[in-house]
Structures are given as C-alpha cells and as structure tokens.
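There are two complexes below, and they share chain A, which is joined by chain B in the first and by chain C in the second.
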Partner chain A sequence: MIRLEKRKEPSKLWRIANPFLAVALTMLAGGIMFAMLGKDPFVAIRLIFFDPIFSETFASYSRPQLLIKSAPLILIAVGLAIGFKANVWNIGAEGQYIMGALFGAGVALAFFPAPGWYIFPLMVLAGAFGGFLWAMIPAILKTRFNTNEILVSLLLVYVAERILAAMALGLMRNPDQPGFPGSRDLRRYEAAYNSELIANTGMHWGVVAAIIAVIFAYVMMTRHMLGFHIQLAGQAPRAARFGGVSPARLVIICLGISGALAGLAGMFEVSGPGGQVRIEFASGYGFTAIIVAFLGRLHPIGIVLAGLLLGLTYIGGELSQMMLQLPGAAIQVFQGMLLFFLLALDFQTNYRIRLTQGAHA
Partner chain B sequence: MKKLLTAAVLSAALATPALADTTKVGFIYIGPVGDFGWTAGHDRARQELQDHFGDAVETSIVENVDYGADAERVMTQMALSGTDMIFAASFGYGPDVNAVAGRFPNVAFQHATGYIQEHDNISLFDARFYEGRAVLGHIAGKMTETNTIGYIASYPIPAVVSGINSAYLHAKAVNPDVNFRIIWTYSWFDPALEADAAETLIEQGADVIMQHTDSTAAVRVAEDAGVMAFGQASDMVEFGPTAHLSAIVDRWAPYYISRVQALKDGTWEAQNSWMGFAEGIIEMAPWNDRIPAELQEEADGLIAAIAAGEYHPFTGPINRQDGTPWLADGEVADDGALATMDFYVEGITSDFPN
Partner chain C sequence: MHATLLQLDGLSKSYPGVRANDDVSFAIGEGQIHALLGENGAGKSTLVKMIYGLVRPDAGQMTLRGAPFAPAQPSEARQSGVAMVFQHFSLFDALDVAENVALGMENPPPLRDLAARIRTVSEEYGLPLDPSRLVGELSAGERQRVEIVRCLLQDPKLLIMDEPTSVLTPQEVDILFRTLRKLSSEGTAILYISHKLEEIRALCDEATILRGGRKIATCDPREKSARELAELMVGQLLNPPERPARAMGDVLLEVEALSLKSNNPFGTSLKDISFQLRAGEVLGIAGVAGNGQDELLLMLSGELRAPSHQVRLRGQPVGHLGPNGRRGLGVVAAPEERLGHAAAPDMSLTENALLSASGRKRLEQGGFIDWGKTETFAREIITRFDVRTPGPHVLARALSGGNLQKFVIGREIELDPDVIIVNQPTWGVDASAAATIRQALLDLAGKGAGVLVISQDLDELLEVADSFAALNEGRLSKARPAKGLTVEEIGLMMGGAHDMHVAHEVTS
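Let's turn to the complex of A and B:
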C-alpha cells in the first residue's frame, strides 16, 4: 500500500533537484509527443535546447536574442517573487508592464525630435513610475478597503490593454503614418533608443537593469531586515505582526517594487526590441514571468536560470517550427509540460511516498 | 567515428548541389493555420504553391507570431537558414519586415496587406476586400429583417475601415433603413472575444453578422442564435450551414506562384500589387440556398460589374460621417485615398475609434 507522509520540513534536495528533473521529464514526454507527430524527437529537442546556443547557423544571432527575450521576464519575475514570498499576489504585472511602456514612450514622444542625453534617463524614471502607479491601485485598495489584490491587479491588465489601444490609435499615433495605429518607431529616435550597448551581444539597458535587480533582490532577501520581514510575513503572518511588521506597509512595498520593475521592463522593451507603442505591444511577458518566478523557486538566481530556460524554449520553439514543421501548438504544450512536471514533482518536496504493509488502517 | 563523420560531411557536400534549384520559401502567420479563416487562406495558398512546384520549392511556416521583436526574430532566423523568399502574412509586420529586409538584401520579402516599403527587396500585396464587402453589404441589406447589421471589426486600419464603409454603402443603397452596429476587438484571432461580440450584436437586434476577424466563432454563434452571418477569408459554411450566407474567400495561390516563379526566373522585383475580383484573388463562397435566386443574380451581376471595371464600390456622391463631402457625384475614389482611409461615411452612427 502506498502512503503519503508529510515531511517535517520541505526537502532541500528536492527543491533544487526538481527543476532539473522537470526539464528532463519534459524532454522525455515532449520527445514522445514529437515522435507521435511523426517528427524526429532528437532533432526537435536539439533544435529547441541546443541550436539557439550552439548551432553554427543560428547561434551568433539567437544567443543575443536569448538575452533580449529573457531580460524582461527576469526583471518582472524578480519583483513578483519578492511579493509572492510575502503572500502578496501581484498577478497584474502585464498591466504594469504596459503602463511603464506608455509612460516611458510618452516622455520620448513629448520630446521628439529634440536631442538630449537626459531624455533616456527621464524615460527610465517615467517607466518605473508608470508601473509603480498602476501597482499602487491594488495596493491602496487592499490596505484601505481590504480588496483582493489578485483580482484587482489582474483586472487592471485589461484596463491597461484598453488604454494601450487608445494611445496607439489616438494620442501617441504616428502622424506620419495616416490610417495605421502605432506610434513613431523609437528605434529611429536616437535620444530615446534603447540600443545595444555592445553591438550584436543583445546587451541593452534592460539586461543591465535585470542584472542589477537580481543582485539587489538577492542582497535584500538574504542580508536586509526588509527581506527578513517579507519572508516572515509569508511564512508566519501572525508572528510577523507580533514582531512589529506592518502588513499594510509590506503590501505597499511588495506591489510597489514589482510594479516598478515591470514598468521598467515595459519601458526598455518599447524603446528597444519592441520599438513602438502598438495595440498588440504586450505579448504576455507579465504572465509568463509568473511562471518564471515559480520555476525559479522565487529565488533571484533560480529566476535567472528559469528566465533563460523559458526564453530558450521560445526561440528554440520557433526554430523547430521553421526547420521541422512542428505545429505551434505542440511547442505550447511542450512549455506547459515544463510547469506541469515541476508542480507535480514539487509534491515530493513536502511529502514523502512510503510503501507500507497492508496492516495500516 | 572519424569515418562516420567523413561520410556525413561527404554526403552533405554531395547533397547540396542537388538542392541548389530548390527555392526555400518561408511563411510567418499571425494566427494558427487552423483558424479556418485568414491564416488558413494563406496556408492553403502555400500548399498549392508546394504542389505546383513540387521538389523545386521547400516551404516552411511559423504560426502565431506576434508583431514586433518576435516577428523580427523569426524572419531573421528564416533568412539565416537560407530562405530565399519570406511571405509575412499580416499588416502589422510592417516595421519588422523592413528592419529584417534592410539586413538581408538578398532575401525577397512579400508582405501581405503591408504599408511600409523602405527597401527594394520588399513587395507589398493586398486584396481589394472592399469589393467583396460591397457584395456582402448588398446581400445583407436585402436579407435583414430587423434592419440591423452587426459588424465585428479587428483593427481600425484602412483595409478594415474601407470594408465597413463599402458594406454600409451597399446595404444602404438597397435598404435605406439599415443600421450598422460595430464592435472592435483589437485582435485578429480571439474566438472567445469574437463570440462575445457576436452575442452582444445579436442582443442589440442584429440579424446579420459580418466579421473582419479570423475565427469561426461568430458564424457558430449566429448558427445557434438562428441569425445570418458571413464568413471571413475562407468558406466557413461547415460552421453554420444555415447561418452562413457566403464569405469573401481569399485565393492567394496564383499570386504566390507567380512571385516564386519570378524569383526562379531572376525577374523578381519589388512591387505594390492590389488585386480584386478581376484578378481572381478574392471570390465569393457558394451562395446559401436561403438567398433568393433573384438576389443571387443581383450579387453575381455586381461581382461581374466590379470585375469588369464598370462599377467601383466607392462612386460618389459620398459624404464623410460628419456630413462634409468626400466624393462628388460620379467621382471614383482613388487607390491612395482607399489605402489610407480613416473615417466612416455618412450614415454610420458609431463613433470612429480614436
């Protein structure tokens, strides 16, 4: 008979081993799926995981692309993870990402076509502020009226999407392109262009910001009193309250940090790889970052690895569609498997499986 | 091991010359090939292209590619993998097509419904959907009993706006009491949103649903609600055998084949093609039997007149929504005006999305 036994403490070994095991299981199950689709599973897995980094034809281009795709995911996920640790559930990073992009682009378009070194720094500040502001709505509603931040932040995503559409069609529309939605291409406005810092490396300011955020988060969570309060509030809210941690203050801080980082990610995207305010500018980074945060065990270093891994499956997924004619849906299933296996395996972090004799009742 | 490697290298080297005549053609799609609408239309043409050339052409596709950085990356990877010609099948890829085309001058780009052409390796092509919309409008105006026509629109771009105007003008011409209700989804493919939009329109009294979005959701909703609908880009009759009156069906294949042939012949050059009934790039799906024979004949006549160039769907007098004159009596809209159209014509009561 199989019996489940709750562990006294979550297993450290499994916590670390599970993500790797999940990747291995995903490769196995994904490989079987690819084979059933009539494709060579080894070629498919190679295209997804190895060719973007090592292939002679693609790597010189797709390696930098990996940074471009992963940086916003990491930047957003690091902020979200801080909140998740404190049981503050910001599900609306997508909306904060959009607002950051709009605020940043708004500054750029207001200055266009003036040159000036100060324009880009102003855009950075505006981007962070836009995301922060959007996150303050659920934060203040929660602390004042005790509303649920999951619902409020999520629903605000749809509001942000509508504002984005309105901006792309109205206020921010490129006056030189009549009839078509979308703003000017910021990549063609030197003072606002978030260009590559070193050519062909994919290193843009958003990548730098992601690295800084990771270090900052790591130090804060391990060395700073605030990090301790956040962990305490998440694990033992009652104890935290007795210890003088103000829950309202934590909600504001957690939502504020994650909102500002998501806003930054949006701003770096719109002024760089994205290039312009378009109706469909938001391509789900804010939601994917939630997966990245959990895949990375809410730990800054783990999030870097998870962000890179997920970025890899996107880029490799496109390659395998193109080279092997795998259907796009198969790639999505493949990505879904990754999270599925991780969550399923996480079970054994908290429980152990015991085989016992039937005597037990 | 070494022997094996040598053999592999040799066989690769031997294989290359045999492939030299193979033209590699890549396609990027905004939706899934299984949308049964717009993307399905392009993929249908890709298959015909493949069948036409056989081994002389190798096609590859990437579906569900978002506008922006993703599109740029996919097209760059296609170019890097030795693709000779790339079909980008949605208007919003414009900036991305131009960015990649600038970096790969030896790759021929074919941008469907495109509007930016900054390099001489980019061809733009489009269909005169407003011609088909005129026919739909005519039928809708005659078939509606509630005098209310629901219109599910995607993006407020000239191709969509001119379609609404054309449908409205031709419905109005046969039914002065007709009224259009328009819902914008700001998406090409979102079945749930399109279904919601269709339900809302039906609640508002619409008994004919038109769509400029790519999924079959609206046709299904119309079928369930017992109202009429038109499909989009592909024949969607199987999703609403009773409701589906007809559809503007895109037939890109002849154009695709001619462009690939031109590339093979070395005569390919950048163009801007805008094709309609005359070129056979759009056609109507078979009329539903519930359309009276007389009306079917009228519709056929309208198509023939447009194809022959005897009639232009935008022939004055036409006023703008605010009542200011746009086209004088007998004046015909020029292509430039249609390709940048950003206003409703007089009589449409909705606000233009701004």
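Let's turn to the complex of A and C:
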C-alpha cells in the first residue's frame, strides 16, 4: 500500500530539485513521444536543447534568438509571479501582450513617418498602458462584482485576438500595400524601431526592460512592504486584513503590474523582432510565461533561468520542425509536459510518500 | 410520557489529565427531542462519541430498548438504529448527492433506486434535495441535508445532531426545526447538542446539562428561562475576587448605538451596541461563543468598517479607519484565532512581528522594510514574554498554541497602545502563561491604557475586569461594575434579559 503523509514543513530540497527533475522527465517522456512519431528521440532532444547554442551550423543564427525569445517570457512571467504569490491568477497575459503591441504600434503608426527621439519612449508608455488597461477589466470586474479573474482574463485573450485581426486587416493595414494583411514594417521606421543594441546578440530594449523588471521585482518582494503584503495575502488572507491590507487594492495592483509588463513585452516584440501588426502576431508567450513563472518557483532569479530554458525550447522547436519535420504542436505538448511534471512532482514538496505493508481492515 | 429508548448509566471516560465524563446517567424517551447542553469542554462530544461507538466508556453501561448496548464501532451503532450528523461534514465535493449517500452506506442499492429514494425521503421531510447535483455546488445548509437524508435512509430510532445550526442561516434553521419535529412526531428520538439556549427552549422536550464532565441537571427547558439554563451551564462555583476600585481616567473609546452586519453569512450581526472604555479600565465582555464576539473585535480593530461617528477615540470619529489607521492612533487588537488571523502560519516570527508593528514601531521607511530592526523587535517580544522557541526565524505554525499566543499578545502590548482589544486571550494556554498574559494586560491598564477583554471564561473576566458586560445574539448588555456582581446577575446578563431591572442592585 502507498500511504501519503503531510510533511510538517514543505521540503526545501524538493522545492529546488523538482524543476530539474521535471526537465529530465520531460526529456524522457518527450523522447518517447518523438520515437512514437517515428523520429530519433536522441536527435530530437539534442536539436531542442543543445544545438541552438552549441552547434556550429545553427548557433550563429540561434544564439541571438535565445535573448529575443526569452526576454518577453521573463518580462511577462515576473509580473505574473507577483500576482500568483498573492493568489491573483492572471491567465490572460497573452491578451495583455497583444493589446500592448497594438497600443505601441498605434502610436508609431500615428507618427509615421515623422522623426523624433520621443516616439519610441511614447510607444513604451503606450504599450505598458495598453496591457494595464486590458488587465483592469478582470481586476475591476473582480473587485466590483466578485467575478473570477481566471475566466475573465482568459476569455479576454480571445477578444484581444479578434481585435488584433481586425486591426491587421483594417485600421492598421499598410496603406502602401493594400493587398496584404498587416501593418507597416516598424523595422523600417527608424524612430519606432526597437533595434539590436549590440549587433548579433539579440540584445534589444525588451531585454533591458526584462532585466530591470527582474531587479525591481526582487527588491519589491524581499525589501518592500508591498511585497510583504502580497505574500501575506496569498498565504493568510485573514492575517493580511488584520495587517491592514485591502484585498481589492491588491487585486488592482497585481493585475495592473502583470498587465503592464505583458503589454511592454508585446510592444517590444512588435517594434522589433515581430516588426509589424499581423494576424498571427501572438505566439503564445503569454501562456508559456505561466510555465516559466511556476518553473522558476515564482522567484525572479528562478524565472530568469526558466525563461532562458523555455526560450530555448521555442528555438529548438523551430529547428526540429525544420530538420526533422516534427509537427509544430509537438513542441507545445513538450512545454505542457514540463508544467505537468513539475506540478505532479511538487506534490512531494508537501507530502511524504510511504510504502507500507498491505494491512487493511 | 415517552417510553425509554436509550438509558445511560454511570458513563465515565478519562483521557490523560482530563476526566471528560464522570458518572453521567440520563434517559432519552422514544420520539423525544433531548437537548445536551454545556460549555466548550463540558464533555458533550465525548458523551455522544460513546453512544455512537467512536469511543469506549471506561465505566458504566447503556441499554437500548432494554437490551444492553455497547457499540464497538459506528457501524454497530448504526445497525442498532443510532445515526449521527456531525458538525463537520464528511462529503466529497466532486461527487453528486446520490454518490455521496451511497459511500456512507454498508450495502448501497443501485444508484438509480437510491436517487429515487433520496428524492422521496427528502421531500417527505421538507428537505428538498436533487440527488444528481454535485455536492461542491451546495450551500452549507444543503450539505447538512445530505447528511441528514443519509441518516434518515437508515430509519434511525435515535438521531444525534452535533451543533447543527452553527452553519445555518435563520431560514434554514426554521426548516430544520420543522423536519426535526416531524421526525419526533413519527417516533424518532433526537439528541440535540447545542449551547444556543433560545433554540433549545424552542425545540426540545427535555435537556440534560453537563458541566466539567458531570451531569448537573435534567430538566424541561421550556419551564426554565434562558437565564436559569445559563446559570446551570456556567455553575455557581464562581467567586468574584475582591478588586479595589481603581481611579479611572477620561473616556478613551466610545461606541454608540452601532448596528453592523456580519461579513460572514453564518456570523452574528451586531445590534445596537453602546459602551464606553475609560483610561485605566479593564472592561470584560462575556458571552457564549458565536454571539458576536468575532464581529465585535473586527469592528473595533478596523477590519470591519463602521459609520465614522459611531466609534470614537477621545471624541474623534474613527469608525471609517482601517486597522493601520487605528493603530496609528493607538488602538490595537489581538483576535481570537492565532494561526491564520493574528499570525500568518507559514511566515517566521520576524515576519509576523512586522505584521501589525510596521507603522507604530517604525520598522519601515517609505515602504522599505528594515529587517534588522524587525528581527530585534521580534527578539524583544520573545524575551519579554518568555516565548519558548529557538529564535525569531521559526515559522509561526511551529510554535505551540500557548507560545504563539504569548507572542501575539506580547506583540500588541509592545506597541504601547492606548486601547487594546483582546478576544479569548488565554484560550488553550497553560496556567502560567495565562497568568503572564493577564498580568501584562493589568499592567497596561495600570499605566493608563483602556483594556477590553472578550472571553468565555468567566473566572478570567472576574479576575481582571473592572466592568462587566455580556454579548447575547449580537446585543451587548449595559456594562456594570464587576465588583459585587452575583452569579445570578451574570446569568441574567448572559441570558439576554437586557431590559430587566435588577431590583437588588448590590445584594449582600
């Protein structure tokens, strides 16, 4: 018989070890899946995890991609983790990411083709504001009408996708190329282009923003009353109220921060690597960031590592699509497995599994 | 007259250090609604556990319809026709009503037949239930119905109900009472455990009162007043100590004609509360749990906001202020529930020190926390109040109840308040720690603070309080000097007879 015992204290060892174990198990289960698809599992795993960085052939292209893919993941996940700590579940970062991109691109297209140093900073503000605004919908519905922020924020992703499609086909469509869906290419508009800061590194303003966000979140969560109140509200809501925390205020703050950061991520993407408002602009960063937040144990430093790892699977996924003709969905299954294994393993952080003699009444 | 259904004879049960039941004898008649009445810790639970086969008595015997009755486990009790509805439900949220009922049965019939029976029985007894609904979607009252229906399907002769109304709204209470009366009229006896006196007087044919594990009396509750029942429950053992009258200062805290709805659907709303607390005064508030104590504390601490002018500190309106606003003005509070309310279980003592002291102790500046200073403060509390713990890094939940209570009360006292409100300050705390806490509260009053102690422990209140009032169903009696109060007068205040004039003001 297997018996479960609740631990007196959560195991610190498993808390640290589980993300690594989850990665190992994902490689194993993923390998089995690839084998069933008729591909060599060892080649596939190598393509996903090692070749993007170490292979002579691919690395020159993929290495800069690592920062490009990881930056938005980290930026979004840092914000989400703050909310998750307070038990405020923003699942709709993807929608806030899209709205941030639309607001940022909107500013750029409104100024086109005027030059000006102030255009890009304005776009940054607009991007953050767009994400913030979109996150305020679930926040206000929750504080006013006690709706569930998980459902509302998630469903608003699909609304945002509709708006994105409408913009790409309508208001923001490139007037010079009316035959094609999609806006002007912001990479060709110097005042709005989020260019590489150091050539061939993938380092752009979004990476800088992610680093600042990580430091900001770390300081806030460990040294500031707001971070203390966020953790308090997540762990013991009644004690938080006793400590003078207003639950409604906290919902607004948490959704506001995560929305603004997701909006920023969308804006840096659309003005740089993405380049234009297109129907297929959204690539799931907002959802993958949830995995990043949990894999990083909701800790800013952990999130950096987890963001780099998940960024890697994006690039490796593209590589294996190209080289092995793996279906695109396979890599999403792969990412999903990672979260699945992590959550399953986390069970043993709080419980001890004991094998006992099969005595029963 | 009822023929005897269950006879208890000299039942005794001891646990290490406690005599939970001592020579308890009484009889329950067929179809009788019999109340079992007593304060927390009076031995009610142990007694019914023996009847239901969860606990074996050390001595004494039971007879059911004349035959010896000694269930070794609940299934035997159930086979003999004894069923029980517990205070805490044992239901699975993810299963539907019929599945839950089937899980509790020894030989469940096919689910479709069972669902039909549930429908019939529940309608017959005025407890409508849809067998196909998920339990997770049901209200607390409906969940209780599932438990009751589960019992009724076994055709019990005796139904034991443990504090059934503590989770019900007033409307649901009415429905439950109608069901219980119908059952009784059909010959099912009911053993009804409660400490709500009015309910018992409304519902029960007979009441057995326990105190300290012993049977005090069996009586007809309808012939007794709530006051008399309360006196029986509380006992005549109280000897109010002589307390020299202290010189009292100006009015610090004042509440005027305040009615406030509880934030908890099962809570008790406050009704027309008025009192004054003076500098140097200890005001004791008595009452059986669930009569508005929690709400009173929340209202005073600022967790429940009140109309600003109805709560005043030194004449200034403070009702609209939250907990930190009031702390800033010198009003602090220690709630009853230590773990989860007064302290966060998974945070260290240092973090818990920060919880209420950040402002008054200046542990933060511009929002940035001074962890060094906070840890020093936590150490001060630990040393001064003799909190037994390896150090301030220990999680709150790792402390024993008494030690955590010392820490929590100590934290609030260290804030050097002008007014302190405590609810059950020594609940579950050993005698020496309790003495430390009471002395610290008295010292605070000696320094000119106003102290408000809410407690169910009358001995404690009479030991520390200068003035005495009681909460009953959300109403607060007029405060009176504790000196010279008789037990009879206390019973009167707790029984809720607010308007009665006590002709003999100070007897003896």
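Annotations for the structure displayed:
Criterion: the second predicted complex is superposed on the first by the 337 of 361 C-alpha atoms of A that agree within 3 Å, B and C clash if a C-alpha of one lies under 4 Å from a C-alpha of the other, contacts with A are read in each partner's own complex, and residues count from 1 in each chain.
Note that a residue touches a chain if its C-beta (ideal position, glycine included) is under 8 Å from a C-beta of that chain, and two chains touch if they have at least 3 such contacts.
Here the structure is a predicted model, which means the values were calculated and not measured.
After superposition onto chain A, partners chain B and chain C are found to sit side by side with no clash. In the superposed model, chain B and chain C sit 130 degrees apart as seen from the Cα centre of chain A, a figure rounded to the nearest 10.
Touch criterion met: A:328 reaches chain B, while chain C stays clear of it. Contacts of A:3 after superposition: neither chain B nor chain C is touched. Counting the residues of chain A that each partner touches, chain B and chain C differ, and the larger count belongs to B. Look at A:236: by the touch rule set out above, it reaches chain C but stays clear of chain B. In the superposed model, A:225 makes contact with chain C only, not with chain B.
Once the two complexes are laid over each other on the shared chain, residue contacts for A:249 go to neither chain B nor chain C.
No C-alpha atom of chain B lies closer than 28 Å to any C-alpha atom of chain C in the overlay. In the superposition on the C-alpha atoms of chain A, no part of chain A is touched by chain B in one complex and by chain C in the other.
Across the complex, chain A meets chain B through its residues 57-58, 61-62, 65, 68-69, 161, 165, 169-170, 177-182, 185, 269, 273-276, 278-281, 283, 315, 318-319, 321-323, 325, 327-329. Interface of chain A with chain C (complex): residues 8-9, 223-226, 228, 231-232, 235-236, 238-244, 246. Against chain A, in their complex, chain B makes its touches with residues 26, 32-33, 60-70, 72-74, 76-78, 80-81, 91-92, 94-95, 115-116, 155-158, 161, 186-187, 339-342, 353-354.
Those residues of chain C whose C-beta lies close enough to touch chain A in the complex are 301-303, 322-325, 327, 333, 335, 337, 340-347, 351, 354-356, 358, 364, 367-369, 371, 395, 398.
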